[in-house]
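Below you'll find the structures, each written out as structure tokens.
Okay, so chain A shows up in both of these, paired with chain B first and chain C after.
Up next is the complex of A and B:
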């Protein structure tokens, strides 16, 4: 009997050829040309606690734009966002196959950051694929106050209540004629305004006080009722010189002194308010009060209405930058 | 019938059964094993072709909305001839080489590619082609792959679709 069994022992052993290059190619295609799953809204917008809902990775912006990657997907995929992916997650959702492959996935943005996932690549014996594509940069508005210290009142005026406002005309922004890679999409990406060089652009000898009293939302011209003096950090982030504030109450005790503040930044997380109503307009208004001390000449101050949209030199519209992706499997 | 002193017989049976169990275990363990070996690597041509295709795609997508893509601009400049053609050809060679030799730093890139390109266009129902200046010439002696892309650009004084082809090989 033993003599019968022993030869049968080795019959079951099977050799399997693994084409590492093919696995690397498959992974590169999944990452470069596919938006992943779920894709609308994309996996990158899931809460980190819902990580298990991701069925497949994919870095492309949409299925209509292969090889054009989403910045948010890239940072999320390489653990620079709110997710913490393990090697096992990358194997299950990007590499696939029954075998626990070792891998290294890296992506470099031209003149920008490099991202890595996986183990360091060995000297030889790995499957390899290199892909070229483009990454879409998220739009933002940057107001350099040096160019906007142009409003004036006459010499006898002692104070001015004014403001800086940003207008979202969703009908104009969400323009389906513009291809998705160049379109501003407030439904699914953050909108940021950075007001720079504020106090250094003022005639400081002339201005005795500048206070930002409050920030308010107006929809189609009327004030939106909200609890403005509460932190709502999943919808906006408002900071002056790096310190976070609420949008402010109506009390003067909450006023923010801007006399020595250079950077005012307002970041709205997607979806921005009312962006799902395509014909609505949202205005974000920062109320600012100036008091003047000098009385030798007319007073100038910073204020203005800024439109968040296409064709304004202070809006960095979505633009593309070349990237290179390398996948090594062994 | 009673056999006296039969303990040895019991021990023998026990020993045989134990042996069988061990053999069966070994049979199942060894029998389900697979040995993985790397297969032949023969898709380097495909890698080169994909890289060339990717590079042409990157060059034919405008970086901002409403802009001309780099390849579109190069094609229309080549059509103008003279100094414009020389400058545009050199620009193409520089941009394309830079793209196909770029890496992330995770692996060592062997930058031994060379390439030769031409533009195919239709003139009076005839398909003609124009070789670019400064083309490397020895592709016939190397395994080479061809990749191409249609470009809508100014050609022969009107908006035309031309095919921009690149033959790529490793020196």
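Up next is the complex of A and C:
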């Protein structure tokens, strides 16, 4: 079988020093096949202020899936996330050895970005290793409201209290029969849902007001008691058109005006609530109130129950993209 | 003090050399410990050099010879452990016969991950600070690179004869040989069963 992969950055360049080659080899294998340490939850979920807790880098999704990389680890490793790693960090946690090696580490994603760390490669006198692999793209749900402005009430109705909800049936999601690289894993990865084109999908001439009053968690049908009006940025990130909010109090003063808002984003950091209880269900409910002004025809509005799982066209399930990792050491 | 240190070193060297001469005469490839002195301190330099007949004219090394030297190096104590289990083997810059400039490997030595490398200077060991996945490679059960290349000569020579790529690596792990090469700016790989040499 011939596997066609993306262009390599240093293709054709020959490693010149044997010891450097060995160090480059070790670094490439550790990065490509090791999940790093800590691994459960992974180092990539540490706060940036806790980066000293990282014992070893590794970009692999898990020890059971060598050469399949975690997207979050990759972006974190190459300083595209919360961390700001220094050359010293890379030496201590990925290259190792008592010598302060110079290095260049790059990762090319097919039809995607190229990530770099380190210094420009010299013309000669360096060790080099390249490895082929795959990167797993993190799942997410994307709701294009243009497809879901389909709920209706009759012409005489002046307001509706409704909502948009996302259901996490953990027993279905954490399905051990699905290979780990294709499995949605709310225990160790974030869950995101993005509601797009909200206001632009409304019949604005018909809707006089639309407000998101609050977001609430329900476990197995019961409201989860929490201090919802506090920012809990280590567990979730809720934003409307890029502005962050809490999940809201019961006070109307906290309502968020959606009449001119297009993008509603809710990101849950791992482990998502109750995901360790495999037989439980979590429902994230966004309560929305519409008021209608027109009186010539029935009113339409956006609402719906969405399942965060497999087989739904609005869920981008995990998929794999070829990558080339190249390591130069001198 | 310096003179005394050197003197002690010479005695050790002579003793080791004599032991080597009276040992198993079938293993002359490996050379004995050669103590050396540097910056005022004495250390033991491990010299288990690869014999010339295992090195090609352009300095490449074959894997079968590497395994032979490895066994001798372990038996003669040139490597720090006795029980090694290869998990991944990489040959760097292979030629058309499967000979490589150098061989590096990830292995378990008495349960601990280590990095091994084989050059014209023989085998040496370094640490492997991380997990090492993969099953044990049956070094006696796998097909040797020159056999693999011979069996698939048409396919491999097409790739490595310079018209497609002049640089390729060879890797063995989990019962699979993988040849990675560049083709017009792209990286490609060929995969073979490591026991039969059949294309996968």
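Just so it is clear, the second predicted complex is superposed on the first by the 306 of 330 C-alpha atoms of A that agree within 3 Å, B and C clash if a C-alpha of one lies under 4 Å from a C-alpha of the other, contacts with A are read in each partner's own complex, and residues count from 1 in each chain.
One rule holds for everything that comes next: a contact is a pair of C-beta atoms (placed from the backbone, for glycine too) under 8 Å apart; a residue touches a chain by one contact, two chains touch by 3 or more.
For clarity, every value in this text was computed on a predicted model and none was experimentally measured.
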| item | value |
| --- | --- |
| Touching partner for A:297 - first (chain B), second (chain C), both, neither | neither |
| Per-residue touch tally on chain A - higher for chain B or for chain C | B |
| Partner chain(s) touched by A:230 [first = chain B, second = chain C, both, neither] | neither |
| First, second, both or neither for A:25, with chain B first and chain C second | both |
| Touched partner set for A:130, first chain B, second chain C, both or neither | both |
| First (chain B), second (chain C), both or neither touched by A:324 | both |
| Touched partner set for A:179, first chain B, second chain C, both or neither | first |
| First, second, both or neither for A:34, with chain B first and chain C second | second |
| Chain C-contacting residues of chain A that also contact chain B | 1-2, 5, 8, 11-15, 18-19, 21-22, 25, 129-130, 132, 324 |
| Interfacial residue positions of chain A with respect to chain B in the complex | 1-2, 5, 8-22, 25, 67-68, 99, 104, 106-108, 110, 114, 116, 121, 125, 127-134, 178-179, 182, 310, 317-322, 324-326, 328 |
| Residue numbers on chain B that touch chain A, as the complex places them | 19-20, 23, 26-27, 30-41, 43-44, 46-47, 50-51, 54-55, 57-58, 61-65, 99-100, 102-107, 109 |
| Residues of chain C touching chain A in the complex | 88, 90, 92-93, 101-102, 104, 106, 115, 117, 119, 126-134, 165-167, 169, 180, 182, 185-191, 199-200 |
| Contacting residues of chain A [partner chain C, same complex] | 1-8, 11-15, 18-19, 21-22, 25-26, 29-30, 33-35, 56, 58, 63, 66, 96-97, 129-130, 132, 324 |
